[in-house]
Structure formats: structure tokens, C-alpha cells
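Across the two complexes that follow, chain A remains constant while its partner is chain B and subsequently chain C.
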Partner chain A sequence: MVSFNSSEFAKFKIIKSFNIEAATVIQVPRWVFRFSKRLLGFGMAAIYSLYIINKSGGLIYYKDYGSAGRMDTNDTLRVASLWHSMHAISQQLSPVSGCSGIELLQADTFDLHCFQSLTGTKFFAVCEPGTQQIESLLKFVYELYTDYVLKNPFYEIEMPIRCELFDIILTQSVQKDRVALLGQ
Partner chain B sequence: MQFFGGSEISPSPPPPTASGNNGHMLYVFNRNGICLLYREWNRPLHTLNAQQDHKLMFGLLFSLKSLTAKMDPTSAEKGNLGVPQLPGQGCSFHSFRTNTYKLSFMETPSGIKIILVTHPRTGDLRDSLKYIYNLYVEYVVKNPLYTPGSPIRSELFNTTLDQYVRGIA
Partner chain C sequence: MIGVGKIKQYGNVLDKPLNKGKTEVSLSAFAFLFSELVQYNQTQVDNIGELERRLEDAGYAVGARVLELLCHRDKGNRRETRLLGILSFVHSTVWKVLFGKVADSLEKGTEHEDEYMISEKELLVNKFISIPKDMGTFNCGAFVAGIVRGVLDGAGFPAVVTAHFVPMEGQQRPRTTILIKFAEEVLRREARLG
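Our next item is the complex of A and B:
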């Protein structure tokens, strides 16, 4: 976990209060790049999209990284709440006790990795079949979520995420992997 | 279409992907959602009665299939969410994994669904499911006394199946 040092937090406050074009002010901390490099070392492949749903199944964050035939907003909401229910049903069908829901769904053309935090917020990513390291990426996204969303004093819990810093850092860390992939 | 390439049937069972007695249960559904066969080898936890459990399982598979068909990131034309699809139409799925079990799924062109629930660390069971389908064709469909759509009551099929699943998972 990172904590804001005073200068970073100051920047954060300035952006929030004066609504300055965020990209011009923010410098991404070094550790973000370090993490991206770590992912690259394992040869990370493409992510198609990323979803975050709150504990009652509402979509609070959706990002598409270039899947064919983009879904409209209503469809993403439906898909997210459908996933929430499927996750719950899979726990009921477990043959042994202590089931915490689907972690990986392997479809014909994609893999869906899901990570559920202790508070019930679910993070799931749609990626190419056979992609490794998505679990650690989701945990990293969770870390970003706790640092840049939950610590944002203007964020209302369980509501859609509109935090510029979170957006920027997430996009940068995911896009870096994609750019590296295209260059291969 | 993800159906088997060509008409070849695998005459010998695929090699085991895990050793030990890790198979939990197996379901066979027909395309109307009727549970033709339910086998249970190792299931300590029963949350529902048998009928409710089968309904819930079929519902989960149906909904997951419409979810994967809608989510498919490689095709632009996906239709609407929840519209029923023919077997083989749209993007389907072959397995999912939780922390306590792994469910492998296969749908045949005639809409027969075979579901095998095993230990979460079992490998890819797609070939094994094809082999189980093969057993179904040999022992059930080719049986002249079997009425299609009715629950399977074949002692020979059950014992062969038990033996095979004990060997693979």
C-alpha cells in the first residue's frame, strides 16, 4: 500500500478544488512503473476490459481496452449484475463448504479472472485465453482502488468511481503492457 | 462453432490429468433442461434438495452461456443479452474454477450438456468430457430400450462412468 506524502496529497487537493487538467500536473509514482515492468517480465498479454462491481452488484467502474463491438452502458450494467448473481450461485453449488465464488471462467475466446475483496467489492478482467499474472494485476488494481478511490475524501462509497488520479494511473499501468505487446 | 473437428471418435480414453479420487459429481442435461443423469462420488455439502440443485445448475450454465456470448471480445455482432441461443451458437465456455471446485462443461450439437465437477487443481478436461459423451452414445443412445429424454437407468453405463472418472480426476 502507498500513502500520500504531503506534496502528492497537495497536488491531489489542487486538482480537486481547481479542476486543473489532471494529466499536466500529475507525476505517476515510480512504483507504478516498477510494477508494470514486473508484469512485462512475465510476458503479459492483452486485457480486453476491466470491471469493478460493488457489494450489491452495481457496476461502479468499467474500462474497455479495445474489444470488438463495444457494449453500451446498459449492457455493461446488465453483464456486471449478472456476473454478481452467477458468482453467488456458484457458491451454493459447491460440493464442499467454504466456497468463495468463481475465480476464473474459461470461455472459448477469452478468460475472465475475478478477484473479490474482503468487503465484497469484485474486480474482474476479461483477457486473452491463457493470460498469466491477471490475479496480481487485479490485486494491484485493488491496491490502486484503496489508495486513490477510498482515500479520496470526495468519493462516496458504493457509488460510481469518478477519480481522475485513479483513471490516469490505471490506464497508464494497463496501457504500458499493451504497448509492449504490440511491439513484440 | 467449437464442436469436435471431423467425425472421428476417440477410441481410447485420454490420459489422466490428475491422480486420485478427485471427482465430485457429474450432471447430464438434455436441451430442455431435464436432468438425465446425476452421479455423485464425493459431496459432503448439500445445500438444496436434488431437484432444486439440478434446476440451479442448469440455470447457472444457461446464464453463464448468455454472459459469455454477450461478453465475447472478439466478435462485433453479439445480439442482446439473455436471448436463447442454439447449441454451438455464440461464444460458450468450457470451464470455471472456484477455490473449492472446478466445473468443466461441454455441450454437444444436439444440446446434451455434460458437466463434471472436480477438484480445483484438475487440468483441462475437455477431452475427458468428449470421452464421456462417447460412453453416453455407446451405452445409452445405442440402447434400444432407452427412450430419448428420459432419465438414464443403465447399470453398465454407470459402472463404466464411475470407473473412468475415478481414473481421470
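Our next item is the complex of A and C:
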């Protein structure tokens, strides 16, 4: 195998070149921006934190946005497994048949929106009371998860998510202050 | 299946027409298949170098077939015999058929006459792949490097082809560079042809 360090690549002269511009490497699809704008259109949508739990209730991804509602690692794990159990119990206790579990928990100081995928992976977000459009945000995160996590050969299913691309694109599209995004 | 009645069934693959037909496949389907390919090969190897080699070998078989098909379909059974000709064939024709676009750039090494590189800002096979930190400089583009090697080898331009991540200034993600180092005999022949 021939090995090269990156500085050696400077010694190449271009024969043919197409659209090399200083744009971002990752092309965030246009609808992401459209989506973010829509999110902003409904007042200040302050999301506190985002969780992804696997089908056995283990926390596989956690991200918090800003200082409000920040918790230490133990607390996040506790919230994740507590929510998993509550979700399961709510399905059993529900007076209507075919209930898929709690979708929204409204408390005095926060709202908790939950989205469960067909495989049992749950996505939930803690946000400011009255925040709208969180369902579509969670579906969007689910989409990113199916793309950048499940299609990554180095991800082991049901294990904590450590995928650089997932992080980058999630950060780009779900920012607490979406000023940077709006400028695009 | 949609339109299943319309497709004429050919008993023999040689009776099939060579025209393009539907050229695009689902990116998701490809991504899952490629992911499985990488995962399977990962179970078969002890180290990353070997994984790279196996991916390259998988690509080599694709490259050899692509060359055969494209020479027949696009070039009337003629193939490139000159260095720049075959490189631009890889850079444009092959890339277009495989990835739906021409490669971002084709460059020549200024210090070594035998080195060329094809760069791609976002290689299709790497679109959904994040390399874990402990795998170092491993690049799944090794598969594409194998394709390039297959095409070049088939056309009579033996070369060593490798895939590398090259960081770009002011950007979060590095681009992928396919580095081609031709064998000596290729350059000698090229010099003779003038």
C-alpha cells in the first residue's frame, strides 16, 4: 500500500475540475431549511433536550440545547428508562384499544413529545410548554436516524449512537437559535 | 411489480440489447447493500489494511465489467489507449454511469509524473458513513478505488489506486481523493507514443 500524508496532495496540478467551490461539504437538503423556517414561524420554539431510546429502554442518544433543563448523565439515563416504562404502562392502561402509548406529556414547566417508530425505537424531546411542530421535528430526526445511523456499516444496532455525520447534520438543522440557518 | 408484463424476457443474457434502460437505482437500497458489504467483510478480516484490500477487490470486479460494457455501448468497441484519454474516460464517462455526475476534479502530480488523482467532495459511497475514530484513516472509498483500478487494469494501464481523506480548509468534512500511481511500463509506453 502506498501511504501519503495530506500535505503531499498540495503538489498536484488540476487537469479537469468541476464545481469546486467553497461551499459546505455536506449538502443539507433544501427542505431542511424550509422545515426550520416553518419551525420558527410558530413563535420561539425552545427545545430543551432530545433523546433516542432503543426498544429495550436504553438511552442511545442524548443531546441538550442550552442551559435550561440540563441534566447530568445519570439523570438522563433515568429519564430514558422511566419514560420507556411509562410508555409501556400507558399502552396497557389505555381505555381505548390499539393505543400506541403517550405522545405528549404536558407539565407546568415543560412539554414532552414522543414519537415511536415501527421498530420500537422512541424519539422524544423535552421543550418549552406550548412549543409546536415538535412531532414533525421528531419525524425529521427519525429520518436522519434511518439515513445516517442505520446505513452506517460501523453502527451496531441498539448501541449508543456515535456517528459524526448524524451529529453534524442534526446540529445544522436543529439549532436552538436558528439564526445561522435562517441566513441561508 | 409495475410494468412486469411489458418487459421482454430474454432467455440468454447475450440476446439482451445493450442500450441503457433505466439507469438509476434507489440510493437507500444501494446504501444498505454497501453497508452490508462492508459489515460482512469486516467479519472476515483481522486488520483494517485487509478490509481495505477486500473492498478494493470487490470494486475491481465492478470496474472490469464497467469498462467492458461502456467500451461496447458508448465507444463502438474501441477503448482508450492513451493515458490522458483513459483518465478522462474514468473521470467523466465511468463516473457519470456509476454516480450520475462527473468527478469534481482530475489532477496530475507535479512532483511525480506517474501520479494522478481524482477528487470528490462527497463520494456517493461515503454519503451516510461516519468512520469511527479508532479506525484511523480508513476510507470506504477503497471500493471506488478498486473500481478505478479495475477499469485501468482492464484497459492495459496497471496502477496502484488508493482512497484517502483529505481535509479541506474551512469545511467540517474532508473530501475523498482517489490516488492513482501508474506502473512504470505504462509511462514508458506513453513516452514512446509521444
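Some notes on this structure:
Everything that follows uses one rule, which is that the second predicted complex is superposed on the first by the 138 of 184 C-alpha atoms of A that agree within 3 Å, B and C clash if a C-alpha of one lies under 4 Å from a C-alpha of the other, contacts with A are read in each partner's own complex, and residues count from 1 in each chain.
Keep in mind that, in the parts below, contacts are C-beta pairs under 8 Å (C-beta built on N, C-alpha and C of every residue); 3 or more make two chains touch, one makes a residue touch a chain.
Remember, it's a predicted structure, so these values are computed and weren't measured experimentally.
By the touch criterion defined above, A:Trp83 lies against chain B but remains apart from chain C after alignment on the C-alpha atoms of chain A.
By the touch criterion stated above, A:Leu93 is placed in contact with chain B alone, chain C being left untouched.
Legend: residue contacts after superposition of the two complexes on their common chain; A:Ala107 is shown touching chain B, with no touch to chain C.
In the superposed pair of complexes, A:Thr119 makes contact with neither chain B nor chain C.
When the shared chain is aligned, no partner comes close enough to touch A:Gln132: not chain B, not chain C.
In the superposed model, A:Leu165 makes contact with chain C only, not with chain B.
Here chain A touches chain B in the complex through residues 48-49, 67-69, 71, 75, 78-79, 82-83, 85-86, 89-110, 112, 126, going by the rule given at the top.
The part of chain C that touches chain A in the complex is made up of residues 28, 31-32, 34-39, 42, 49, 52, 84, 87-88, 91-92, 102-111, 115-117, 119, 121-122, 128-132, 135, 140, 160, 162, 164, 166-168, 170-175, 177, 179, 181.
Of all the residues in chain A, the ones that touch chain C in their complex are 1-2, 4, 6, 9, 11-20, 22, 24-27, 147-148, 151-154, 162-166, 168.
Within the complex formed with chain A, the chain B residues making contact are 2, 24-25, 42-45, 47-48, 53, 56-57, 59-60, 63-64, 66-68, 70-78, 81, 91-101, 103, 117.
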